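Each of the next two complexes has chain A plus one more chain, namely chain B in the first and chain C in the second.
== the complex of A and B ==
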């Protein structure tokens, strides 16, 4: 059966096509501009600046939700594809070369950071949400510390119970040697982001190895502990991904502000040292 | 026996409808009314005597000229019988609009909306005492402004106890009322909120109204069907006396007294049935004479629990899920049985299912004006099958329905049935949810079925503006929550969490239900439908914090909050109990551009949707 395109796919291809046409048109105009012995850097430079202003406007839109400034999702689409467009303008503007001079070099580097962090953010924003369906339900980020503390408390109580009820130190030693460290705080962030379950597997293997030393009641307690270890690992998984979804913004937004300042300095410098018509 | 046992279990009439039970003399007055002439006390069981029903589930109310007794759109759950005097009802939309109170929230200007940036309070749930004094301003006189809503404006909130009921206690002199229209009976410490129309002579002269005089009955349709009041009724004379019976009394008396039941049914036939039939697409091509014949033989039935929200919540809390909720849904018509009439849903929802092995597979649901059994009747007439039902019908919560005898359907309906009606039937529309919501071909039918079950089992079908979140797209940025807070004085009015099916989450935000059970029982009418767009909104100034709505909401979408003053301290009453207010999503009433949450989502992951709009739902899920 032929698979029809979803609305999102259709929208993606349409926007890509519009962006490609715009870039091609602007490239052609730049060539005409250069053929007329005019400096195309002024044309594509201002196009670049205009693009950057609109891109930065997205953040302002987010800060003004009470105004009817259009849907944020529409702004997102504009942000993404205008972002692609400005990258192309940037390459045209720099003639595909690494610039000379400290200011221009800094501007070039910061632009690169903004563009790359934006692309990383786009990748993370589309790839992470479907992964978060792991487990039974979405867990709210702000509830994770509370759940984690609750699980840690329960595991500690179970370990204590094994000492009191079973007169066995096996579980309590395992708790102090391994589980206490694991349960205390967020662990294995990179492994979760890589999708590797190795740390959890190792703890579960260790738990399995302990069973030979326990009576049936002790095994029951150990099983309860294992359930909580799995639940804690699920919290860590969610936490790691939630953090990834937020951390890229801590690069993208400050770099954007730096870029705006450097771009203003760049424009002032260019006009201060330019002569005649562009 | 322990002391607790000795104290006794709470009983049905521990707290009568009125502040105290009606006296014997009052009950005698009520039973002497023609409405109760055919009611025989002997017909009632010994543990449910008629006099006790009336004494405890009834109360005598006195109204002055212009007092509004029931207002159109209110979800009243009581019936009135006039003991003395006369009342009038508004007979036109125009008249209702003329007297309707203005929406409590006016749309903000562009600057007013922007000003929220710096005007929003930093204190959570801050309430300004000044806010409660607004509205007393004068201006051009109109019917609208002649409505005096009895609203508590006391900045110190004195006179409100922690249950939020007005009391006649401590310091009656300290109360102030916007419009000064708190009805007070010196013989009774009870005081209730009353809205009064002042220029009723002009209203009667300018608009179409209808009189109802003693000893007639009114309000029975809304009480029986839990539908909104169809018309505003106000006292025409001074010293109007009515007996108000809550729906429980109506139910009992109808159940045990055949004469009373017939009388109520006759009233419904006379006042509402033909109108109702005409509004149904199946009957609208019939002339008045035929409709009258059909109305004369149509049966009324109610199924399920009137207070379904409570039983639903209990079942959900007990089990932790609602997978087996279908077992609690009363069967209205069962697959394989013979159909004895065309079933027309008047109010509520019903589940359509077919038997599969040892369980029931949901194939759709029916709501207002939808019909069940028409396909079987048509198939039978064409000789394709007998009148055996191919599907079962169950009451989801509470369902009020009409049953039109098959012979009438065959005689009057089938010959002129509008072409395509069967093809456009609701069931077909419901199946579109499955067709469009989930990919076809790659998915098995078994995999698609849970979506419909999820929608019905969790009663999500009740929502007209349900907040849906696609978790495959949601990045948990909380822009929706921040936008909600920015448009509600810094307080978000929903929780970005809720029940989920696959990547389809129903967040804890008011769904603005078709059947808003939260409205029932509000003592002040603070929670109401907006007069302009029909959203369910809470008037913060009239909310007394009794939590009735929050308790009734089966979706936990109304939150009680403790209010704070400008210093951040909790606002308390004269007994030092915090003043609570009910809060919920108001769909950004008064804001520019519609719900801020939806507009703020950068990934198109959040929408507000009428769940019954299967096409839109399917498209959204399948984007």
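== the complex of A and C ==
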């Protein structure tokens, strides 16, 4: 594990260094280009466009797995570091200024959305999987609703059984007052993303407090319920993180399509209104 | 912890997250195995499809769904467990796809709105500068863009030639004919300047970045091709953006000599700011060291030598360059008498314009040469002006060349060809005098044009309002029968030189006039008649050509009292035969025609000629030359001369300009130009006004110092005014150090204005870098330089006068 981290870290630094050198070199060339009375916006603009095409190609690569277009991991690395490079080209292209015209402003804003969502996605994609790995069981997202319903049914059955077997309403009242709400659907999403066990601890504290009022059989039933509560909380943890891993794409990908359209319009207008100056 | 997930196919479903729709019961934990179709419709029917085994139906529900049910299929083979229908939901991937479609639609909608909105103004990448804010239509500047919301799309595919849009700029900004050339300079002038600066830089190594830039992005095509305005002036950067901003690196990109900054590496100045000799020859050194002290020593209150530079110099109208004050403010007190000639040892003299050149009349008469009357005692020479005017005749030059340096006053040994040339010369002079005195003065211009003179100077300036009376007086005195002779000569008749005794005979006849006039009206061709139309009779005094011997009209008769007074009777107009203004004399031919010899038919019957003593009038002797010392035309001997009226005399200025244009070697104006710019020339124009030789060899007199308001073709943008406060006590001498060793006057002995020996030492760059460095006053290229060498102007309005009928 330690060795693989070292390799990943080394690769990261190497890629970052390559990206930094490429950005510096291209920035310098762009400055020389501008000093040579050329419009640097054409040079770094086309570099930006080329970067965006390659970045968007990553999505195509995922949609066309049958084609031998390289490993997805390689594409991911390219996507990440080319993304950094493209952001730098974007800053050069805009002269580090916020544009004024409506079209350019929209383009600038959408690019910013794509870039920021990409950075957020990168952060989530690197931080969440280790968290998911740390649990006892990694559950597929698609199966979570089924398991949650199954656990809810089982907890409800246990509560019912406590009424029948124990002739006591203590557990059933606890179920209706607290557990039913908890078990019914996804809960405490932000707490899970923050890594806070506060809600689970509170329920388990309630369960512990309840045990003093139960006989051993009731305690046994309550123990089974607690196991399912913990399992449900684990499902919520997974669900929250899975959704986080997927929801950033709801911003990144649609914004990318908008960006491509606006970029095409931008290129068309630039050439339409070009003065013929180099 | 409880383990929930199993991957055994009997215990878990096969998940298909890439499907667009999922069962609506998934969230309840009880999705059906069938799932929605591709369009999101629920397909739920039964939990299984029973299988027939012989005559029995068997349940086929899979183990993961609970295995075969207890009830089993119905008798008709239908599953007994119906699946409740659901409302299928989109999968996460499908939801994301929906978001993509919405985003795409919104983006396209957004584009449609900004294209359609207000003529596409939202397309603009940014507002234009305030100066261009009135340009509201894209096609005002982007020439390939058509009108209409989608007109711009045409230009996406149109062939945009560099410089096309610049033409739109040039409709409002007049940059000159070389607007697309580097610095607006013609031809390879900028390249020449580049080589000159590179030579001055002395081969210093260029910065590394400059070398790399040149190799990667060569600038050759910028110099060769037209540079569009938008290369440097980038619009749509906001209302207050600086369209003229340029970085030093941009400036240096084209330059052959590249350096880090003005204070570090900029080539040294060479002779700056003295690129040519001054147009007015003013030796600062000589004036300061010699002339001003001398003038001061005279203690003349009218002459006050300057005490500071500001006594002669002032800030020019553009407040950038220094101008010289006017002649009247600076030079006049000491130099005006040199112009009028008052201070000359020979006194004021005029410029001979027209003369009757002296000829060997006796020899010509002996050889029966027909040149008519010609004054025998003239010793005048042809003036350069006459040579130029006579050059209109193609044979004149040949005759002049043939005669060469021959003395025309001695033709005894002249060949027949030379005599013939003299004859043509004589008739040429006569024709010129006759033409000038009788024809429209504008005809003179035709002679000059024919002589290949430049014709854009008004003839009125060239003849300086030469009065006809002066010409007529000259004719009367010099060649009284000129009109008749010209007519005879034109008719092919030989007009011999009159014999001197003939003239004496006429004079004697006049001294013994008849006692009475005939009683009958004289015929118009009678001897004394003056009433006929031709009025050419001996005693004629009427109008017309009035060339009769005793004529009193134009005073050209033998007995006339003309200006040169050679005649028997003086011209005080009181003499017996006078025809002067009072016209009261006995033989007057004036308007009242009441005199005895008048052409009036009534008067001649009654009036007798009586010897009347002339009134005692004494005409003082007046020297015409002195009389004309204030300027103007006068006659002297056999010449008509012009005396300059003072500084800026229009006659001299016009002839110097006129003749200078054709004053190439052997050019028609060369002699005139030389005569007016010589050391002893009247007016002494060339003493102060330098003469430059144009590339074609013609000459140009510099009539004034550099016209400050017209200086625009400079790449250096130095402005004096901002520096007045920083030069301290040394003032002008901070930059303009007098070089007392310079041979200033000698530089005017040759024609090239670029070869100079300035009174001032060239300005060292260090004087500028004391302040102009990165720390203090700045050192960008545009601090001291213009990109455009020419002036950027806005064309004047062409508003038509409104129609008053409306």
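In the analysis below, the second predicted complex is superposed on the first by the 271 of 278 C-alpha atoms of A that agree within 3 Å, B and C clash if a C-alpha of one lies under 4 Å from a C-alpha of the other, contacts with A are read in each partner's own complex, and residues count from 1 in each chain.
In the analysis below, a residue touches a chain if its C-beta (ideal position, glycine included) is under 8 Å from a C-beta of that chain, and two chains touch if they have at least 3 such contacts.
Every value quoted in this text rests on a predicted model; they were computed, and no experiment measured them.
Peer 1: With the two complexes overlaid on their shared chain, look at chain A and say whether chain B and chain C clash or fit.
Peer 2: fit
Peer 1: Looking at chain A, does chain C or chain B touch more of its residues?
Peer 2: Greater contact footprint in residues on chain A: C.
Peer 1: With the two structures laid over each other on chain A, which partner does A:96 touch: chain B (first), chain C (second), both, or neither?
Peer 2: Neither: A:96 stays clear of chain B and chain C.
Peer 1: With the two complexes superposed on chain A, say which partner A:141 touches: chain B (first), chain C (second), both, or neither.
Peer 2: In the superposition, A:141 touches chain B and chain C alike.
Peer 1: In the overlaid three-chain picture, which partner chain does A:268 touch, first (chain B) or second (chain C), both, or neither?
Peer 2: A:268 sits against chain C, while chain B stays out of touch.
Peer 1: Please work out whether A:227 is in contact with chain B alone, chain C alone, both, or neither, and reply first, second, both or neither.
Peer 2: second
Peer 1: Quick one: is A:76 in contact with chain B, with chain C, with both, or with neither? Answer first, second, both or neither.
Peer 2: First partner only.
Peer 1: In the overlaid three-chain picture, find the nearest pair of C-alpha atoms across chain B and chain C and give that distance in Å.
Peer 2: Minimum C-alpha separation, chain B to chain C, in the superposed model is 6 Å.
Peer 1: So chain A touches chain B in one structure and chain C in the other; where do those two contact lists coincide?
Peer 2: Common interface on chain A, chain B vs chain C: 137, 140-141, 246.
Peer 1: So in the complex, the part of chain A that touches chain B is made up of which residues?
Peer 2: Checking each residue of chain A against chain B gives 1, 6-8, 62, 64-73, 75-76, 124-125, 128-130, 132-133, 137-138, 140-141, 242, 245-246.
Peer 1: For the complex, give me every residue of chain A touching chain C.
Peer 2: 29, 31-39, 99-104, 106, 110, 136-137, 139-143, 145-153, 185, 227-228, 230-231, 234-235, 246, 249-250, 253-255, 257-258, 261-262, 265, 268-269, 271-278
Peer 1: Which positions of chain B touch chain A when the two form their complex?
Peer 2: Contact set of chain B toward chain A: 108, 110, 113-114, 116-117, 441, 471-477, 479, 482-483, 486-487, 496-497, 500, 502-503, 505, 591-593, 596, 598-605, 619, 622-623.
Peer 1: Write out the stretch or stretches of chain C touching chain A in their complex.
Peer 2: 1-5, 12-13, 15, 17, 22, 26-31, 92, 95-96, 99-100, 102-104, 106-108, 110-111, 114, 122-127, 138, 141-142, 144-145, 152-156, 160-166, 209, 212-213, 216-217, 219, 222, 227-232, 234, 236, 238, 247, 249-250, 252-254
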